[in-house]
Amino acid sequence: MGILEVKDVNKRFGGLQALGDVNLSIRENACHAIIGPNGAGKSTLLNCLVGKLIPDTGSVMFDGQSVLGRKPFEINQMGISRVFQTPEIFGDLTVMENMMIPIFAQRDGAFEMNAITSVLSQKDVIERAEQVLEDMNMSDKRHMHSAALSRGDKRRLEIGMCLSQNPRLLLLDEPTAGMARADTNNTIDLLKQIKEERDITIAIIEHDMHVVFSLADRITVLAQGTPLVEDDPQNIRGNPKVREAYLGESA
Amino acid sequence: FTNEPTGSTVTLGFNVPQTGPYADEGADELRAYELAVEHLNGGGDGGMMSTFSSKALQGNGILGKKVEYVTGDTQTKSDAARASAKSMIEKDGAIMITGGSSSGVAVAVQALCQEAGVIFMAGLTHSNDTTGKDKRANGFRHFFNSYMSGAALAPVLEKMYGSDRKAYHLTADYNWGYTTEEAIKSSTEAMGWETVNTVKTPLTQTDFSSYIAPVLQSGADVLVLNHYGGNMVNSLTNAVQFGLRDKQVNGKNFEIVVPLYSRLMAKGAGENVKGIFGSTNWHWSLTDEGSKAFVKSFGTKYGFPPSQAAHTCYVQTLLYADAVERAGSFQPCAVVEALEGYEFDGLGNGPTLYRADDHQCFKDVLVVKGKENPTSEFDLLEIVEVTPVAQVTYPPDHPQFSGGALGTCNNGA
Amino acid sequence: MNVKPDFSKNANAAQTAPAFLSVWDMHSYYGESYIVQGISFNVHEGEILALLGRNGAGKTSTLRSIARTGDPEVRHGEIWLDHQPLHKMTSYQAASCGLGLVPEDRRIIPGLTVEENLQLAQIAPPIGWSLDRLYDLFPRLGERRKQEGVTLSGGEQQMLAIARALARDIKVLLLDEPYEGLAPVIVDEIEKTLIHIKEQGMTTVIVEQNAVRALELADRAVILDTGGIVFDGTAAEVLENEELRAEYLAI
Amino acid sequence: MFGLDKKDTSLLLVVVGLALFAPFLLNPFPEGSAMAQFNAGYPDLMQRFVIFGIFAIGFNILFGLTGYLSFGHAAFLGVGSYSAVWMFKLLGMNVLPAIILAVIMGGVFALVIGFVSLRRSGIYFSILTLAFAQMSFALAYSVLTPITGGETGLQLALDDPRILGSSTAADGNIPVPSLFGLEMRDSAELVLGPWEFTFNVGYYFSAAFMILAFYLAIRIFRSPFGMMLRAVKSNQQRMNYTGLNTRPYTLAAFVISGMYAGLAGGLMAAMDPLAGAERMFWTASGEVVLMTILGGAGTLIGPVLGAGIIKYMENILSKINSDILHGWFAFLPDGLEDFVVAIIYPFIGKGWHLTLGLIFMAVVIFLPGGLVEGGKRIGAALRRKKAEDGSGRGKATEPAE
Amino acid sequence: MDAIILQILNGLDKGSAYALIALGLTLIFGTLGVVNFAHGALFMIGAFCAVTLSRILTWSHTVVDETQKDFLGNPLKVEVPYVHDIFGVATGDAIIDWAVPLSILFSIPIMLAVGFIMERGLIKHFYKRPHADQILVTFGLAIVLQEIIKYFYGANPIPTPAPDAFTGSFDFGAMIGFEANQIIYPYWRLVYFAFATLIIGAVFAFLQFTTFGMVVRAGMADRETVGLLGINIDKRFTIMFGIAAAVAGLAGVMYAPINSPNYHMGMDFLVLSFVVVVVGGMGSLPGAVLAGFLLGILESFASMSAVIDLIPGINQIIIYLVAIIILLTRPRGLMGRKGVMED
């Protein structure tokens, strides 16, 4: 029994069957990669997990509780954080503030007067934010407006924001796309380290096979809305069907 | 007392709408005030000072002090009007505030003057409330009111349209509209008319078609437009557009009545006012000596005849100055005493009484109608009848004026 | 390196083959931030140039400066395309001179269908590939032609962005991370396309984090760091130069 | 100090200083001089400055932080005024209960309207708030006349009950609002040579509230709540997926700003016990929007400045008439005098709206972001000019605050 | 029954005014994304084009008439329009009579010019600026325009009648078999309705059957990218603005006989037209038109005295009430597009 259980999820957009009978189980503390051609429905699947989309049929259970019917913020409070395919950050705020928001949100998720009456200079929050910035190698940019970051940096910031919440399940939609090799490697190391240190489960969508094979314990290949195979990385690499549909000659 | 003049000058506050829909009316009021100040200070031809029955004014200012004035913008909003009046009192040291072209503003500023301890001489305000439930000891109104309009109009309407008529009222949905509707309704019903319907129209309405269209269906043969300003211009224009005036209902010609007329409104409605009856406080074509003197000095200075708003403002200024002279003091309570129950003549509406009970002037009221062949853009109304004062007088406790109390005069600090 | 290239029509004095696209001493600012700090390089007709560097090195800013987007603002320098002074133009004029930019965030226009996004590119002359030809190249787009462009999957959007550039008759194609978010098979496809259009004489500048792939494709390479050029040479040189690769590309 | 950092403390102190010394600062010209026309140091206008300052500060808590543009805030101000006047009519002339009720009613109305309106965002939200306010206005002006006084406004009368006070003052007049006997209209005058300064109880009373309001606004801006609101403005989507239910936050901001408006309305009634319906008209809501934008939305001091400018124009510029102009330019030869007066006249007195319109345009065009933002930019530009030669070309990614 | 038909007719006609005003506004507000508080002013300027033309046509010289006296007792100066001298009294009067329809031709170039100048000179710099800035600058502009008109024409309404041929009404009820005088309908309103339909149709056709609309929408969503595709979007925005100004102006011209133009008529309509556009849904032309007619008809029904007696004050608030209900039940108004002006 995995921490996340997706059962028979279907999602249609008009005439298009974006997800068809998706079944997926993610084990606790695993790093599960979802790969597949463009338009296979990977992001759509994540959207169904975080409440951005509601599946037409099927069930999604997180840690024994259904996420369906809950609002995005409630799902997040259950312990699921998500990094988007195109970075979603608070562009008007500084990097440091961006980092502090999720920490506060976690604490004041349910509205409390305390949020109005207390002052920002709360040591623990600031320390935690700086710690994460440090981890993400972004301390030097802490005072920048986050809208002015280069795209790779935006992505790293977003990952940091999600990590700062200590989520139980971290959903990453192409976290290293557009990242420089060096930073990609950093990110891989960081994720590995986090996985070891913390009680965290990661689901990652990636087209960069280097990242996938360095991180994943388990891989699901999605094609045209349905899981093609699910297996260990080595087997996936060797799978001719996957090679043809997805990896191409360069793998 | 508040703002006691100590130097060689005395300051009056002219609070008129300078922006907003009544800005033109305000401009005319301001002209009249400037003229009055000129005359009080001995300039010009003296205007109505020579026809005024009281001879206390000498053309050397008021009590020998030169008259100066400040102006402000009421924006036809009670808040703005009070702000502007307050600044005149607090900053400029005005001893008397006058002006305004709507009842809401008049009532608001009147209350303020009461509180601050200065005299308020109302400008154009027609609602019964100004000297009815909202009357104040420090406030005075020369202008006539809704009740008087009804009382003056009814006999003329009876004469022209007969006593067997069915009236349909469109009424602006605020205080002035209510009092006017009530006044016209009760006086026309008293002579036998039937009121088939009264419908309230929003103040902000600009197109009245949906209110006018059902009029014919109701079987009414007279439409009473209890509207003023832009509302009246638009509702009358719409009514004429719907061809109401060409219709025959119940075997009679369909007629439209506008209780309160002003020249500027008549101008705004253009051709549509022709032949339509209404009442007015004063008109420049009156031929008494006072009116002639006023028209002459106003016309000579500005090149066109004064409006009724200008007239009432001019007269109020003179009346105030005169009262101070007679009282021998600027002290508000002394002025109030001098004005209460004061009878005078020569200011354009025949013998007039400033009644002590409610500070309302009682004088002749004009019934006018839109002129068929105007010779100029100022010659839009013709006087049909000068209703004698007796006919428009009512007891102070008349139900349309019930509630409220004058209180006592306030000298302020 | 900082020699003013020869832009004159009679290129007698030219030492090398005349530059087709030439950037000379370009300085660009985002508001007060000084980003592109005086760079110069040439691209020859029919050549593929790889523009490489870390995140935030200024690659996107360079491309945007050339495309005259106005943001960053080019405060100094000259840009010539086929004897035409781009630095005196606005973006639409530059585009009608034959410049095509595929922006890094794809910039699919919201509210427009896939087909409308393509039609939009053919409103102003010069017009390039026909829609049919584009749909042949990217069948997925053909299938999705009535769908709103922004609801495409990330990879599909990337295809649309490239197709949109080709829908115009351009002389120089500026690609900002074209492989990002694409499945390996599609990357192969696009690479083939790029080779194909190069054969037809297209000049291309490609910015890519996947440096190896870009270098294998490119004839020449320019490496940027903190807004300045640190290397300008052939692609092969970079692939051979361990030091360079390690320092700036982490490969 | 007070839980504020150094910069904010000094800003607060500046505001306190301005408020305390306003009677001097606003009356810079000697009495009787030609420029005395421009003095604004009389009680009514000073009261208006601070009261509209409060209104704008409150509005800015909503608009500046969350970006939700309410076009119906005047409704809360109106409700505050009506509540206060009703307290004067029923309870007595002490201003405290009136103001307390005004704040509460402002908050309650904001809670109801906000709860409904905040279901939509952007322009849809603006129109919802506008619709509520316009409905309030229309009803207050007409069918609700028994409660609101309609066109003439809600006034005190001699026969009001005033169960905790007397219906009539000793001199037979309606009693005036007071704070435990201290009348709001009381003033002390200080004459220094040709200068005359007025210190008014009502003004200082309102100013105290304004300072408090300003202090609270700083606290809110700097609190996690304030940061969260800015985050909502910046990216609501991200906020949702960060586990924060944004609705209570935006609603709290809405209610707080409604309470500020209620406070402003209550104070207005306390200074001048009459509440008119046009206080709720859309133009009144528009005015506070303009004040905030003019001064600089999202800045702390901006809305206060904006309020000051608009009220100053409304009260000072509109009172200049051609007579006064002729007085000023009397020293010029006749023809020239008339010419100069003719040029200036359309912009003052009855033309003051024209000047207002031109100022609006000039501010947005030349000082984007409002007066405060514009001032900052000018300041920065000047500083940079000075420092220009010193520093070479460096990568100047200024920390943006 | 007849009362209902009557109010539907009235509503259609009121609705065509709302729809026409909202149409112009939605071109600027819904399509270009500029919160244009000066739209009312454009409508007002249109109406004053009619006033101006009739002033030009009645441009007069004075003749002293010794037989009549003016108010001061001097001989009366009579104004004689030049058109009388040129065309004779009968033709002259006919020309003056037709001033409003003639103003349509007169106003189109003026309004286009006003629109172009406004866009080039001012609005152009505000596309990328926050809505708050747009509000402030266009509100300022609206005040300035208003005050200029007030300076030259005064604050009082100026009667601008329709041609004699169109004054009065016809008995629509009698035509469809009701008793006489039950359903009457003024000629000019019929003209207005027809005119509105024509303009709405023309604008729709232009935006529907050409790519112009699509390009402008695209430019609105992402100027930069459209520029990168070689399209001079500025020029198209200017044209769009000019068209919107012309539509607003024409709505004003034709409205002049219905309500005498005054300098603040624009502000009176401003809020209402924003409500109509938003209820229709941002960025949707059909939505604006639909909402215009819907609100017009509902307003007409709410003004029936039977309805007012039932719910006092309903006529005061109907539009806002309906707006609230629609916006709460349909997130983006009747036909709004996603993402337009939602932040």
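Read from first to last, the chains carry the letters A, B, C, D and E; within each, the first residue is number 1.
Keep in mind that, in the parts below, a contact is a pair of C-beta atoms (placed from the backbone, for glycine too) under 8 Å apart; a residue touches a chain by one contact, two chains touch by 3 or more.
This is a predicted model, so every value here is computed, not measured.
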item: Greatest separation from chain A - chain, by CA centre; value: B
item: Relative to chain D, chain with the most remote C-alpha centre; value: C
item: Geometric centre distance via CA averages, chain B-chain A, whole Å; value: 75
item: Centroid distance [mean C-alpha coordinates] between chain E and chain B, Å; value: 34
item: Interchain centroid distance [CA atoms averaged], chain C/chain D, Å; value: 52
item: Approximate Å spacing (C-alpha centroids) for the pair chain C, chain E; value: 48
item: Interface hub residues of chain A, defined as touching at least two other chains; value: 148
item: Multi-chain contact sites of chain B, meaning residues that touch two or more partners; value: 23, 173, 200, 202, 204
item: Residues within chain D bordering two or more other chains; value: 138, 141-143, 353, 397
item: Parts of chain E lying in touch with chain C, wherever the complex brings them together; value: 211, 214-215, 217-218, 221-222, 224-233, 283, 337-340
item: Touch list for chain E against partner chain B, complex; value: 2-3, 6-7, 9-11, 13-14, 17, 68, 70-72, 76, 78, 150, 154-159, 161-162, 167-169, 181-184, 186, 188-189, 257-260, 262, 264-265, 268-269, 299-300, 303-305, 308, 313, 315-316
item: Touching residues (chain side chain A, partner chain D) in the complex; value: 50, 52, 71-74, 76-77, 81-82, 84, 88-94, 97, 100-102, 104-106, 108-111, 115-122, 125, 143-145, 148, 161, 165
item: Sites on chain B touched by chain D in the complex; value: 18-19, 23, 26-27, 30, 34, 69-73, 77-80, 82-84, 86-88, 90-91, 102-104, 107-108, 111-112, 114-116, 127, 129, 134, 173-176, 178, 200, 202-204, 404-405, 407-408, 410
item: Chain D to chain B touching residues, read off their complex; value: 39, 42-45, 48, 138, 141-143, 145, 150-153, 155-159, 168, 171-174, 176, 185, 198, 272, 274, 276, 278-279, 314-315, 318-319, 321, 323, 349-350, 352-353
